[in-house]
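Quick one: the structure is below, and I'll ask about it shortly.
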Amino acid sequence: MKEATPSHNAGSPALPTSRLSRRTFLKGAGVAAASAALSGSSALLSPPAAPQSASRQIVLATISANYREGFEQVAREYEARNPGVRVKVQIMPANGYETWLRTQIPGGGSGAPDLFNANYAWGMYERGLTVNMSPFIEQRNPYTGRIWQETLNAQFLEKFKVGGDVTFVPMDFIEIAFYYNADIFQSLGLQPPRTWEEMLRHAERIRSAGIIPFAVPGNADSYWAGTVGWMARFFSDAYTRHLVPMFLSQPGDWDYDAKKNAGFKLNLNDPYNDAYVVVNGERLLQAVQSGRLRFDDARFGEIYAHIRTFSRYWQRGFHGANNQTAYHLFLTRRAAMLLETSATIGQMMRDMEDLPPSARFQWQTFPIPPLTSSQFRIPPFRGVGGPGTVLGVVKKSPEQVKLTMDFLMFLTTPHAAKILVEQAVRNRRPLIGPMLIPGAEIPDFIRRYFRPFEGRGFERMSFRGLMDEQQSVWEWTVWAQRYMDGRLTLPEFLQRYQKLMIEAVPRVIAMQKLDMNPKTRDRVDSAK
Amino acid sequence: MNRGRSSWALALTMLLPTLLLLLLFNYLPAMIGLYRAFTRWETGEPPRWTGLTNFVMMAQDEFLRISLSNQLLLLIANLVKTLTMPLLVAELLMSLRSPRWQYLLRTAFILPMVVPGMVTMLLWAFIYDGSIGLLNQILELFGGGGLTRAWLGESSTALLAIVGVGFPWAGGLSLLIYLAGLTSISHDVWDSCALDGATGWRRVLMVDLPLLRPQVRLLMTLTIIGTLQDFGSILILTGGGPGLATHVPALHMYFQAFRFGHLGYAAAIGLTLFVVIFTLSVFNQRLGRKREESL
Amino acid sequence: MSQMSETRRRPIPWGQGVVLLLLLLLLGLSLLPLFMMLLLSLKSNADIFTNFWGLPKPPRWDFYAQAAGALWRYLLNTGIIILAVVPGVILLSSLAGYALSRLQFPGRDLIYFGVIALLMVPGILTLIPTYALVQSFDLINTRWALILPYLAGGQVLGVALCRTFFSGLPEELFEAMRLDGASDFTIYRRLALPLSLPTLATIAIMTTLGVYNDYIWPLVTISDNAIQTFTVGVTRFSGEFNLDYGPTLAGYVIGSIPLVMLFAAGMRAFVQGVTAGAVKA
């Protein structure tokens, strides 16, 4: 039981990261900080802004402990270039970080940090406590000589805007892909598969060699927030993407945004095609209610048939496995493949070093390969991830905000991003995933691991349960597990799936106090 | 008279904090629970009287129905567990001649009780682990490698694995209570048994067991209450899964209240469980008494 | 005669060797999980995978430091709760138990019945309403959400035990002090309280065990890890070691130490506390 608390309250905007993995990756490994190792490469950068008044301080209070040494080094470099400014890096324990933010930031006192992990304090911007960064990202970044937003990830900036405003700067993101044991692949003469079907043929070969093809955690947690949940998500995204126009906010709807929706044209070849459009929740519910979106139709039938077929290549008793168990099967060479997040790369590097040399093996990653055998036209699978480390700025005096922005501009240069990655690797700290700083010079051996995680797009709608309403999620998990266990046939499962989704509609309506008229805004804002 | 009044004042002072706390945190919740079981009461909303609706919903709740058979099996298994192994160990301990060994072993058997309950559960989760669990390691050691599995992860073994937690179920509270019972049986009884030729297992069955009836009755009541109420360990070990393989009513109540926000419905399940527990306990006590009287 | 009855006490017809062997076997099975917990807590993952049953090479004592680092806050939180609850339960129980046994006043038996009737109310009935109540006091996610209900709940049995104990004291003791002019409260403080120390120790241990082992209540009322208790924390802390088993198991060992110490400090009181606590449940 693992966490039994409903840790995903429906009120807050669901940041995919939180659903991707709940493990804490950020525990410091206890390695002494080799902080002020100055690299001589700062000459590449344009000269700093002229120093202003003396002894000013910027506080970065973060839980991203994996960047501890990197942050320190960047801070020291920044101080060297900006005499009189002191940058304090505080690595905060993940435990209680959110509470700490919620007490410190509204206080606005000396305890309040300048920079913080913004996805730990939803609703702060709406309450006027953090800075609107939109005007800043249009300015020139003196450390790169370019407009700031050109060196930030446009998709993430756009995707997580609050009321049209940019409220944080994304540093890195987390995504999933397959890990594979390259030694096993080599000994069987296998190459990373290019299609889903080829992957299953590989799995067949691997199994006949006496090795478990895939290590998969399958406990209830995994169905909700882990591996099996991811599968259900990327499958149903691929199979229902074409329905997005049905749920779009229309002119006149309360949440209609002409900039985003007016020009939208469905293009299944572009994984980012629908990344910015606004989907209207009431229209989605209407579609379920009216049967225009059914979960017992041929498309969902195919999805769950595929997942069931896939599960024949997982280890026995996967329903009792958590991600720890699955990871160990892979690490002990009993399983050849593993579907995991990018945050596992750092972990795997570390564990591989800890193994006795005879037990080590070569490993690599490959993206989730596209499905080719379907009666429908199925676009390639998209990602289910989201931002990892994202930094927001606390509203203080205009001078202080300006100073903090200047440091943040420095922190988001490709040069600084490179320091963050290098220091994390050097100090054996896990990386969450690829950097979101275009042009960041990442060491090549890491880049190789990261590449399969990049550029996959993001799912738009997921249907394991209805709009994350917890009862429907649980019921879906129960029936899906029984189906995967062979206790329900596919039609039996689909019938229950449709039923549970229909039954969830009135509950969602009651919970969100909807009048089912898309023109009116009736959702009670559940900001704490 | 004077004395009586001052007694009143003093007694009230001494009792007041206790009574206030009990009224506020014990009586009031019990009353609220009784009443709100008959309301539609969702998280963050005021309760609305709906009569027996929640109980009708319970009767139609497919998940609850499936959980009942799991619960029944767990209850029977737990009763059998309580009534066999600890009693055997108690008798074995009693028949040790050396008081030193007796004391030593008794202490050792109590030792697992010192481990926090949650740690015990997490250890058992580890024992059943499909990858490097202790049980699988033991099986491989003895050539049963083909039997290894994720014990909590398959519908066919999950409930059995829950039953197996604590194997060999020998120590703990039940052992203490049996030992207390056996020690209190007077030597005269055993002496006269010996004269009647009732020795060995015969005596255990004919003499010890009847004399241990109060202990057995107590342990049965405790087991009934404990089994029907405890969902924490199932929450930790399987979360009720896979599917519904280890789902029980108390867990259903917990999910309804704290995951889905249906507090009124959960209160109705809680009330029903209370009635069932109460009835079974009273029944058990009555049954036990009657048998004792007929002796 | 005593020799004879000693022999006759033994119901099992087998020889002592067989009995001892059987007991040791059962004991071994009972203790195996604990033994493996200790053994594996000192092993790195690689060591566990390649050398499950063997001795750790080398023993990773640093895992204990890691685990302590991750768990100390939870243990401290549990400690704070226990320090707040246990003295309160003892004090209030003894006061109420004394009043209900040694003082004469109308309604005494009714009040006592009102207290012990609560022994019949299972937690499953009151869990949700108590949660709603604590929520309406705006105490969710504060230590008070734990302290107040524990303080109330711990007294039910505490009062019963204290009353039983005080009732059993011979009246002469009280008469003698009364003749010396001592007030009822002085008698409570000078006579009854010191005599009841063993009972109070039992109540203290019982309450400590109850608080230490409670899982569901802190799970639902406390969301902030900074004030979360050990029993909930121990189910989560392993995430901090990513995927190492050793530190996790070391954490289990560390979490058991306080109860082991409690046991060592007073086995008799501990056993009585466990028994009394269970009889209540």
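Which chain is which? They are A, B and C, in the order written, and residues in each are numbered from 1.
One rule holds in what follows: a contact is a pair of C-beta atoms (placed from the backbone, for glycine too) under 8 Å apart; a residue touches a chain by one contact, two chains touch by 3 or more.
Just so we're clear, the structure is a prediction, and the values are computed from it rather than from any experiment.
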Going by the average position of its CA atoms, which chain sits the greatest distance from subunit B? A
Of A-B and A-C, pair with higher C-beta contact tally: A-B
Averaging C-alpha coordinates per chain, one finds the centres of subunit B and subunit C separated by a number of Å equal to 16
Per the C-alpha means, the centres of subunit A and subunit B lie apart by a whole-Å value of 43
Could you pull out the residues of subunit C that touch at least 2 other chains? 49, 220, 235
Could you list which residues of subunit A touch at least two other chains? 1-2, 4-5, 328, 332
Interface hub residues of subunit B, defined as touching at least two other chains: 132, 236, 254, 258
State the interface residues of subunit A toward subunit B in the complex, per the touch definition above. 1-2, 4-6, 218-221, 315-321, 325, 328-329, 332, 334, 470-471, 474-475, 477-479, 481-482, 485, 487, 510-511
List the residues on subunit C that touch subunit A in their complex, please. 44-46, 49-50, 66, 70, 73, 219-220, 223-226, 228, 235-236, 238-243
List the residues on subunit B that touch subunit A in their complex, please. 42, 63, 128-132, 149-155, 158, 235-244, 254-255, 258-262
Subunit B contacts subunit C in the complex at 4, 6-8, 10-12, 14-15, 17-19, 21-22, 24-34, 36, 85, 89, 91-98, 101, 105, 107-120, 122-124, 126-127, 132, 134, 137, 141, 167-168, 170-171, 173, 176-177, 180, 187, 190-191, 193-194, 199-201, 203-204, 208, 218, 222, 225-226, 228-229, 231-232, 236, 250, 253-254, 257-258, 263, 266-267, 270-271, 273-274, 277-278
Quick check: in the complex, which residue numbers of subunit A touch subunit C? 1-5, 22-25, 27, 30, 94-96, 98-100, 324, 327-328, 331-332, 347, 351, 354-356, 359, 430
